Amino acid sequence: MKLNLVYFAWLKQSIGMGSEAVDTPANVATVNQLRDWLRSKGGGHGEAFGKDAVLRAAVNKAIVSDDHALQDGDEVAFFPPFTGG
Amino acid sequence: MKLNLVYFAWLKQSIGMGSEAVDTPANVATVNQLRDWLRSKGGGHGEAFGKDAVLRAAVNKAIVSDDHALQDGDEVAFFPPFTGG
Amino acid sequence: MIRVQAEDFDVGAELAALGRGNKKIGAVTSFVGLVRDLSDGSDVAAMTLEHYPGMTEAALRDIEAEARQRWQLEDVLIVHRHGKLEPGDRIVLVAVASSHRGMAFDACHFLIDWLKTKAPFWKLEATSQGERWVEAKSDDDQAAARWAKK
Amino acid sequence: MIRVQAEDFDVGAELAALGRGNKKIGAVTSFVGLVRDLSDGSDVAAMTLEHYPGMTEAALRDIEAEARQRWQLEDVLIVHRHGKLEPGDRIVLVAVASSHRGMAFDACHFLIDWLKTKAPFWKLEATSQGERWVEAKSDDDQAAARWAKK
């Protein structure tokens, strides 16, 4: 399915871009599976998603759990825990 | 002994003055005894100090307990509990 | 710093001056108390704050010192007005600057709770039922008691 | 009301506008967060706040709604900056107007504690040892957990 991915903080720096449009294979149905697929791409993606660091996800600007089911056209964001305030 | 008395809030209105200089008899040695002596004067003093209402005292601008020993020249203040802020 | 005054205060200017230039400050908390138009079920047209000059300043200085002893504070400000006020008018400002927010919140809350029970102010309300002296509230005693040293 | 902006804010003007003319307000509490020049032992020369436009506003609105559901508040304001800041610069303002001070303190403290863990902001510090992304603090998680519903 087609997804718009968004990255923040060190993840954005590590991957080298803030957003990208992807077309995922059929076996990517959940946030967790998307993360695994991104890691498998290697390069900046492999490094960023391969780190032993906490990453959170949001779909269409709302926090979701790892087993959240994705839909075609979703905006999926990955980022480390928040540090505002 | 000679004392300067100061009254606040409803006590001041009830007695009809904010301060007065008094010369107390020899049996007035503590704050409590001063209060009894003022009540015994009757009139506005009798009414104000005869009321069943909480009154606090300060000597030379510091809160004291009822058995605090007075000294000649002290400024003694009587007032209800504070309601600022 | 503490101040007792009849005039209103400028909250923005007071907070900006708090610890100005001290870059260890990460948190500034403030409390402003205002005259409400309703008190214990009666409409309030005006409120007159009486205080005990000299003792008031001493009491507020003691309260500030106690807060500074309990928490590591970069700056403290208490400004309390006296005289005749109307609903919506500011009565008191308490502000605290500290490195971290936990201390700043606790110290600010402590300062106003203690001020309510330990600073010699008395409120006279002009209501539609006439004038009356505000009575001390047991809520305020309980709020202050929370901060008693164990 | 919530706002996300690059520009600084005027604390005095913001607090004066909070519930202006509402004479049920007896208490206004506020918290201002500032950039410190020292963080985890390193000198901080600058801090850049990144955020997630759209999600940030939604998260802040949710946080305000949660506070209004928990306490009877007359007004709420959250202003959070993004972009490049320097030590001493204001980062965030949280302010609450309520009839009584207990609610105003609790709600203000709640808002900043929740904001820290629930609003999508990330801090990049420029230190004498180079740039680094600030890591989330367990203290902040614990502060937010205090407000979890039993």
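Which chain is which? They are A, B, C and D, in the order written, and residues in each are numbered from 1.
Just so it is clear, a residue touches a chain if its C-beta (ideal position, glycine included) is under 8 Å from a C-beta of that chain, and two chains touch if they have at least 3 such contacts.
All figures in this text were calculated on a predicted structure; none of them were measured in a lab.
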Any chain that touches chain C and chain B: none
Farthest-lying chain, centroid of Cα atoms versus that of chain D: B
Gap in Å, rounded to a whole number, between the CA centres of chain B and chain A: 75
Chain centre separation (chain B, chain D; CA means) in Å: 49
Averaged-CA centre spacing for the pair chain D and chain A, given as whole angstrom: 27
Numbers and ranges of chain C residues touching at least 2 other chains: 33, 112
Touching two or more other chains - residues of chain A: none
Full enumeration of touching chain pairs: A-D, B-C, C-D
Residues on chain C engaged by chain B in the complex (per definition of touch): 33, 49-52, 54-55, 58, 80, 91-92, 112, 115-124, 133-137, 140
Chain C-facing residues of chain B, complex: 6, 8-10, 54, 58, 61-62, 77, 79-85
Chain C partner contacts - residues on chain D that touch it in the complex: 10-13, 15-16, 21, 23-38, 87-88, 99, 101-102, 104-105, 108-109, 112, 143
